[in-house]
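Notes to accompany the following structure.
Should a chain be cited, it is by its letter among A, B and C, assigned in written order, with residues numbered from 1 in that chain.
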């Protein structure tokens, strides 16, 4: 039954290094620090989190395909792996897929569909240094372990539909790995049609007592907390001006407490100017908290895979003693 | 004396991702958990432990060759590196070799010859989720640190003979790295001749106080414990039915205690059916303990490098409060 | 503004595996241990520290180039990553560069210019097992955390000049990442002209309370300690005899204490003999301490990318209870 490991699958090594000289003002102490890419637990990572990826595809015939992805985040400032200390080596991706006319099934650690929708409909994409919606949704000013809110899911199975004239959906279930504890669900609908694009996403997750590698908006929640997140997003490219809109409703229920409901809006724009883009975004979360963030930046393309940028983010919340700010100038090299 | 690092050695990136939806019943609590690939310290890893490997060969002329291998295990369920938390990054392989007509010499961390014999003569090979002989020999229900029993040796030097008409031998010595402490020895003979194959392996190791990354059958032994393991294995392929047999004698001596002798048998079969194989194996350990395990599975080849499988293992031991079981369905993608 | 990640940058996987059978005598206990590559905190790593590197270059046109380097050290003895436990995954390199007629700018973790000068002007280069000058400058018999003395700098920005008829300079500034704490500076001048080469290097660093991954000559210094290091180096290749010379002055100031000044000399030679080189080096540090080290070795090239070697180092210091020695025979495979 032994089958030799043959070189039938071409392995692609890809990724990106994004390093910036960044100056921050801490929301808790008001102190300024300068570093490469910012310092955890402040905004960090530059325009995009650096990663190294190994991936491959195999044509199985009959329209079927097998593929795998292994992705490791790293921080160029210290040379550390992960998005933060303790992050698993392949926290970005560690999965295998089978796909065909029926769509695709993926097993293993993989990106959250809600997170994918979040990054696609704001001009700063998945920047943990500069995207206001990321700051409101995925960034823990005080770190916590809420599995509902990590950008990737462990122990996950997902199904992706085929693309129907621009419309596609992805449904993910993350097994809790704990006896008697419910798993988490995340799903989205994506629609792309010429200059217009839109999404609906929903996530329902339970904070696990053992799983980790997660951050959340409001800090750590105890195990058993459930979180329901609904998100709408849309963009329209009026070239050279592209507009982005997002609305998100988050409902968090801790055992024995009344549920906490938050509403978040994001408006953004990306304006093509020469070889670059001016970027701006504003996000506001209201309800039980008051949180306002805006960012501006300019991203200049030296080539299709290399760009340099300048950006500034101002982040205010009633829970902060000081206004958090982050400003930087950096280089992003895709490979 | 400086020599430029030239690109004369082609580096091959290879490995495999094996992810399964797995449901387990714990031997200690009787509780059921469902996850990707099982959860440590239960059976985990699917049909084969996932890994990523960097390797290369250089022809030195005159029949001589230089080669290296770097292999990192990882767990697709969480995206973590290693077989377990704390496993070194390159625990699978981190070595350099010189080979020629005389055979080959390898320096660095490398596979145990006993372990190689163990995986070659049972139908579930090196599956830590489903191979009964692996469960009896290399799996720690209660984890311990017995260097005799890890599947790879640190601080190792090995010599491999050339192949004499199907017969070859490998001898490995692992330096203890401690003053006054003996190292460990592992060696095997392998014979392949048409449908018939056989092995004899022997390992004599001393539990070190500082080395780690090891598991053992009966839990942790104190430093100074010595272990002698003798193994016989044979297989015959009556196509489409292949039969496997293994016998193993383990003798463990702790300081101040009488030695503990265990006898283990394994019988297995792999039956080719269409594009797949039905797999079955039974292992029994007697002597100071009573441990019985059987596994059945079906492995279907989508291609030479991709397969899907279903498998079930039932594991009973007098030391367990409950019957341990593991059942799963998964995808294995070699690259 | 989204730009697809295109395969315009060829990624090169390179590195080296260096494994030796090494026998050491501990400077603190006088005990002998044998292992692969030595054991921390003694001399370890063989003729050169093993590493795996991912790097790439992109031609941006107009003489401009973008490049990145990710390098991970590893220890073949245990299969562990890093130079020591706790070292970041990409402690060798994690950076991105833009270069052109103006020179080059690099952001991220990168090699110290002082360290580059140190390894270029001694016959054992960057061997942490056998280079006397490395033993005097970068090796901590008692480990400490002095950012001034690590071989690489975190949070760094550097500028490299173009090459002017063999003359070039590199200036590096490492941001402290701490409010109110000065960063560190390291720079060098390098000159290569036929058989002659020379360097001047200077480093001025402050021990940070939070940064780490560093070793220092005299053990750990408290945060706030400043260190000024000036180094001269020269070599001349009289073929087949090449001579090396280094002089270094180190000035360390702890808060509230008188400054400690040390002078270090190194003399070395590399003599080409057939396909190999005889190597010898002697270093002496005087001033507040008395430290003398000599090493001899023979390095035989099997090819341009593979060599085998034997080496011996004898290391005496008034602070040691015993004479430290290290002897080994090993294989180095570049790829």
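Note that in this section a residue touches a chain if its C-beta (ideal position, glycine included) is under 8 Å from a C-beta of that chain, and two chains touch if they have at least 3 such contacts.
Owing to the predicted nature of the structure, the values given are computational and were not obtained by experimental measurement.
Rounded to the nearest 5, the angle that brings the Cα atoms of chain A onto chain C is 120°. Shared residue numbers account for under half of those found at the interface formed by chain A and chain B, and the copies are therefore classed as meeting with different residues. Each chain gets one centre point, the mean of its Cα atoms, and the points for chain A and chain B are 37 Å apart. Each of residues 13, 89 in chain B touches at least two other chains. Contact residues on chain B toward chain C in their complex (touch as defined above): 1-9, 11, 13, 54, 56, 58, 60-61, 64, 66-68, 70, 88-98, 107-109, 152, 154-157, 175-180, 211, 213. On the chain B side of its complex with chain A, the touching residues are 12-14, 16-21, 29, 31-36, 39, 50, 52, 74-81, 89, 123, 125, 242, 270, 272, 277, 279, 299, 301-308, 330-335.
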